[in-house]
Amino acid sequence: MFELIFFSLLNGIVTGLLLFMLASGLTLIFSMMGVLNFAHASFYMLGAYVAYTISMYLGFWVGLIVAPILVGLMGAVVERYGLRYVHRWGHVAELIFTFGLAFLIEEVVQFIWGKDTKAYHEPEILQFPLFTFFGQNFPAYKAFMLLVSIGIFIMLLLILTRSRVGLIIQAAIHKPNMTAMLGHNVPLVFMGVFGVGCALAGLAGVIAGPALGTFPGMAVVLGSIVFVIVVVGGLGSLTGAFVASLLIGLLQTFAIALDYSVNDLLQLFNISFDADSAFRDLWTLSLPQIAPILPYLLLVLILIFRPTGLFGNRET
Amino acid sequence: MSEIAKTSSSAASRPLLKTLTPWIGFLILLLALPNIFSSNSGLYTMNLMGIFIIFALSYNMLLGQGGMLSFGHAVYFGLGGFMSVHFMNYIEDGAFVFPMYLIPIFGGLIGLVFGIIIGSFSTRRAGTVFAMISLGVGELMASSSLIFVAFFGGEEGVSGDRTTGPELAGINFGQDIHIYYLIAAWVFVTVTLMYLFSRTPAGRMANAVRDNAERAEFVGYSQRKVRFVSFCASGFFAGIAGGLFALNFEIVTEENLNALTSGTVLLMAYIGGVGFFIGPIVGAVLFTLLQSILSNYTDIWQLYVGILFVLTVMYVPQGLTGIIVMHSAAWRMKRLGSLILPYIRIGIPALAMLAGIAAFLETIHHVRTAFEGDTLMSLMGIEFDSHGVVSWIVILALVFVGGFLTRMQLRQLRDAWETANKPPAQTEGSGS
Amino acid sequence: MTSAIELQDLRKSFGPTEIIRGVNLTIEEGERHAIIGPNGAGKSTLFHLISGRYNVSGGSVKLHGENISNLPPFEIYRKGLSRSFQVTNIFPNMSVFENVRCGLMWVKDYKYSFWHLVDRQRELNERTAEVIEEIGLTSRQHIPAGVLTYAEQRALEIGIAAAGGADVIMLDEPTAGMSHSETDQAIALIRKITVGKTLVMVEHDMGVVFDLADRISVLVYGEIIASDTPENIRNSKAVQEAYLGAEAEE
Amino acid sequence: MKLKSKILIGAAFAALSAFTAQAADTIKIAFIDPLSGPFAATGTNGYNQYQFAADVLVNQKGGVLGGQMFEVVGFDNKISPKESLVQLKRAIGEGIHFVVQGNSSGVAHALTDAIKKNNERNPEQRVLFMNYSAVDPALTNEDCNFWHFRFDANADIKMSALTDAIAAREDIKKVYIIGQDYSFGKAVAAAAVKFLGEKRPDIEIVGNELHPIGKVKDFTPYATKIRASEAGAVITGNWGADMVGLAKAIGDAGIDAPVYTYYAANDGITKTIGAAGKDKIRLVHEGRVNPPPTDEYKAYHMAFKERYPDSDISQFRIANVISMLAMAMEQAGSTDVVAVAKQLEGMEYTTMQGDKVYMRAEDHQLIQPVYISVHTDENVVLDADNSGYGLVTETTVSAEDAAIPPLGCKMERPS
């Protein structure tokens, strides 16, 4: 049992921090521009694919550096020539635009790279078990993912709290109109934040691609989870996004690790059920089975009972 | 039909006949269509169109009329379908006697019930919160459908047989043409009802709340209740569409309520134009055509749909119907004729450019996917070598020369447009 | 006889800042009452508190003797209080006709009905046409409200507020940003629609105030420092000092 | 306005009918499977194999019935039951009477049901359904019908063979079953429990897990659980991305137990699993690859590879479908659906791989030998995905041993 908890904890943190790389960008973009970017996870996918292509010619490490930059540039272009244009039609149109963009990017990825899973592998030097605990390996690559995520988290924290750009961004989050009056080029800041947010998503894709698979559905699988995180954490709150990322990461790993079902609960109270009733599926429901819908349940409950999210201070 | 599009005006001053003309035309069209497109696939496509028309219109009760952006509308469509197919099976098993052609009512009722349940908490706000709740509920339902096999039948879905139960004048709806007329009847009734709904106080206030929710509260209406009424009605009609789906396909599966279907209905309504009552109808017709015809000719049709959708959102937020309505001013001033030539002048190079772009994408796709040594491909009946230099020169020439000429012609079109619409256009139809 | 509006020790704070600091005010039925005061005195906030847009932090608001504090705006409207806004607040994508009709539907008891067709409700439409006639927009009634000129939108704003025939009408700076001739028209309009009703207005234009009001209250820093007839207010030294002093400070 | 768009539709339909004008001397076979979307890779590869088989096995030999050629027409069903029915209607509209489909048992259920109804309602437009890959046992048991023939071994037959192999390994004491949470995954799990209980009651089933289909980002938590259970073998019916993810997670966690699978090869999967699954992944299937069973098969495989360098013969049964259909037509002397179906019933046939197979008349299930192969890069003559890795056959279960008697199939035959 201890082994299970130890590895679940470790895996939960790896997943959580990876999610945070996506959620942080999404939160920043939302706080500043008021746009929930549906296509955010698509940039994550682009990161993985671009890095895959680069890694075939120049190796993994070049991809790690270059792919996020390229994805960030793509994001900046999308902001400059897409989102900014659509802004004039209002918020609903912006939301629909990013929704359509997510659809389009998936199609474009399939057009360019095909529909099958790509053999994007971790670099040779990270293909060894870092340590073995109770006979179970912890791959070095997972540790590398952990390291990169933590590095990004610290860097983000430093930039936002210690640098001039960070101060402008924080000001823009709290008082979007004031910043413009202070003489800052807000459109440029927007473009930059959008680009950096996409670059972070791209980086997440680069390091997640080899571990979680590089295929056209990878954006959809992750996309809505990231939404759940930013809403649960509180729209516009980076702290909230951080806590919610870890929460969701751990929730999902532990829900799989712990094998409890409604049936167990009922037996605790000595209740038995009719195996043929229409609700039979409800009684046999087990925790691992419903693990992936837990985040959505959480999302709906949070939106009903605490629309500001855990750490947020504003509703939309 | 453009009368319907207008957020029209005053009292019953218009003669009844004139009000009814578009509806009579609509009815005649519905009756005449199967005689024009009598082929098997034609009927099938039209059946699908009918179902999507109802579904898309019910969606537009939320987005276009109520200002609620939903990413989970398929929930009501799917549940309506499942409920109906279960009732079809009860009828087949003889559990009770009920005419099969009224089955969609059950779909509507379950849609209504879930509309009431989910609407009771989701309509408190519009905007992003509503959108997120709809997304969450949609994902929950779609995931649950694979877990609760007893009701949803897992990924196989639930199938039924529509030919049992009491017959209608000796018809058991075994043939597609019978189902067509059944769907047409339902389409006519529900479209009429949805249009009439938009003309009731509840429907008018939905528009008001969409425009300015706060002000609506200061004329006595609770924005939440206004949205709630629209939401329930929308769920009801989506459920009816689901019921018709069950009758037409005799099978309902998880995909009827998943995110893809929710996305599809958003796409249909938006491409058609959410600001107009008939927008979603145009969108549903167009999307079904794209889906069933374009996909026969090209593997990458979804790429085209994606491009079309994004371009629509960016440049034509009022949708295709909006483009058509834009011409109504010129039409009324009888100046539409003066636009024909400019349109032709820009249309030819623009078509050449589009053909070039499509050929470009198709050829790349062919080079990437065809088997080794198969370099011969055909587009629109023209055969050419996908690896040949000449083909590439032709394609690129089409794109660039076409693009260049289109750009050059833009100016004359703009001038012609302004001349045709002077004195300054007063109306742009109802807003978007 | 109960008074139309009665405010008792009404208070409103945003965070640590108290904007309305214990307002007591009684407005009798049929009175035309103006509230004046320097910028930032809290006039609009006071309006929002009465009409239900903001929740009160302390004290109470009574409408015809009934406590309406913290009721949602639509409840207050249903009890007979209607208002307009300082920043034009209409339904931009709907036609002028429909804007006004929206202001009539609840009063005509249609509620959330989905079984009446609005176009077939003769009385509703006739009454709408009358209101539009009164605000002088008959020739523009089929145009989307969003494309009207500023002055027309202000007139529509008043029309929507007055359409329902509420017996207490509150107008927030009805003539703000208007030219002289437009202001004159607006005054005539307000006079016309408030016959036999209680009017509460916030106004900056002293001409309008002294022209229309039966009584004037002066709000400075969230407190009423005087409430009296126009002549007495005009001659009150205290008001002049406080008002001008406040103005000077800004 | 309405009218205008209708005119456009008219034009579109006119264009459509012009395109579908057809030659009369070809026998068209509708291939209804995903050609776009996430499963397009598998679908497209199947389509290529059908076209190749029709070309090589029928058309190049002069066709059937005195020179009629086979033409395989692709219909994209996007792996959706609804879309499959739309495509079926289209195929029927084009006068096609033979349908092949394989991906997803859900689609197969929808198709077989719709075809049964169609054949009752429109006797002049009858259709024959040759299922080459959907392995839900119900299709030939309680949901069987006269118009459906299955050329793949069903899930129970495959599981029977798999459990035979597991039973033979004395070192395996604990087994972990994991699958996708839907009908097929559940059928696999149920069959595994049943057969293991019969064959090796001493084996403990330490886990019987269902995970949501296509929704799991990271299989590491499952691998952790498998490791913690100390299972000596893993059984899974996973396919697609779920198979790749599971195999990788098991490899990464360093679990040293054989993984018995149904669908862990080809179409990019072999390449993606690569070294992580070497000597670990085992696959139950009906066609051998390594060592190549016959020279004829090897030549066939290489010829396919020459035409489609990026894909492989991943579903050998496709060749059987085409050959047996051609044979049935020859024997019937016509392409009439009922006549052909009656010839297919009970037909005996020797495959290109030298196996003797027969189509059991009671339930229309092809009875054939089943093989268990291991994923490796040693002794691989014909690799998969050009990765150097491929399948090497370890165990053979003869047709007789593999056959499971039909269960609950009540077939109504047209008189």
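Each chain gets a letter, A, B, C and D, in the order it is written, and its residues are counted from 1.
We adopt the following convention: a contact is a pair of C-beta atoms (placed from the backbone, for glycine too) under 8 Å apart; a residue touches a chain by one contact, two chains touch by 3 or more.
Keep in mind that what you see is a predicted model, and the values were worked out from it rather than measured.
Considering every other chain in turn, the ones in contact with both subunit B and subunit D prove to be A. In this assembly, D is the chain whose CA centroid lies farthest from the centroid of subunit C.
Among the chains, the centre nearest to the mean of all shown protein C-alpha atoms is found for B.
For the pair subunit B and subunit C, the distance between C-alpha centroids works out to 43 Å. One simple way to say how far apart two chains are is to compare their mean CA positions; for subunit A and subunit B this gives 32 Å. The distance from the centre of subunit A to the centre of subunit D, with each centre set as the mean of the Cα atoms, comes to 36 Å.
Centroids of subunit A and subunit C (each the mean of its C-alpha atoms) stand 49 Å apart.
Annotation for subunit A: residues 110, 114, 289, 292-293 touch two or more other chains. Residue positions of subunit B touching 2 or more other chains, listed in rising order: 143, 147, 149, 300, 302, 369, 432. Multi-chain contact residues of subunit D, defined as those touching 2 or more other chains: 36, 181, 212, 215. Taken together, the chains touch in the following pairs: A-B, A-D, B-C, B-D. By the touch criterion stated above, subunit A contacts subunit B in their complex at residues 36, 82, 85-86, 89, 91-93, 95-97, 99-101, 103-104, 106-108, 110-111, 114, 224, 227-228, 231, 235, 277-282, 285, 289-290, 292-293, 296-297, 299-300, 303-304, 307, 315-316. Residues 1-6, 9-10, 12-13, 16-17, 19, 35-36, 44, 48, 76, 80-82, 85-86, 89-90, 92-93, 104-106, 109-110, 113-114, 117, 121-122, 181-183, 212-213, 215, 306-309 of subunit D are the ones touching subunit B in the complex.
Touching subunit D in their complex are the following residues of subunit A: 3-4, 7-8, 11, 14-15, 110, 114-119, 121, 129, 132, 134-137, 139, 141-142, 211-213, 215-217, 221-222, 225, 252-253, 256-257, 288-289, 291-293.
Partner subunit C is touched in their complex by these residues of subunit B: 7-12, 196-197, 199-205, 207-208, 210-212, 214-222, 225-226, 229, 233, 275, 426-428, 430-432. Across the complex, subunit D meets subunit A through its residues 36-38, 40-41, 181, 209-212, 214-218, 220-222, 224-225, 227-228, 241, 244-245, 248, 252-255, 267-269, 271-272, 274, 387.
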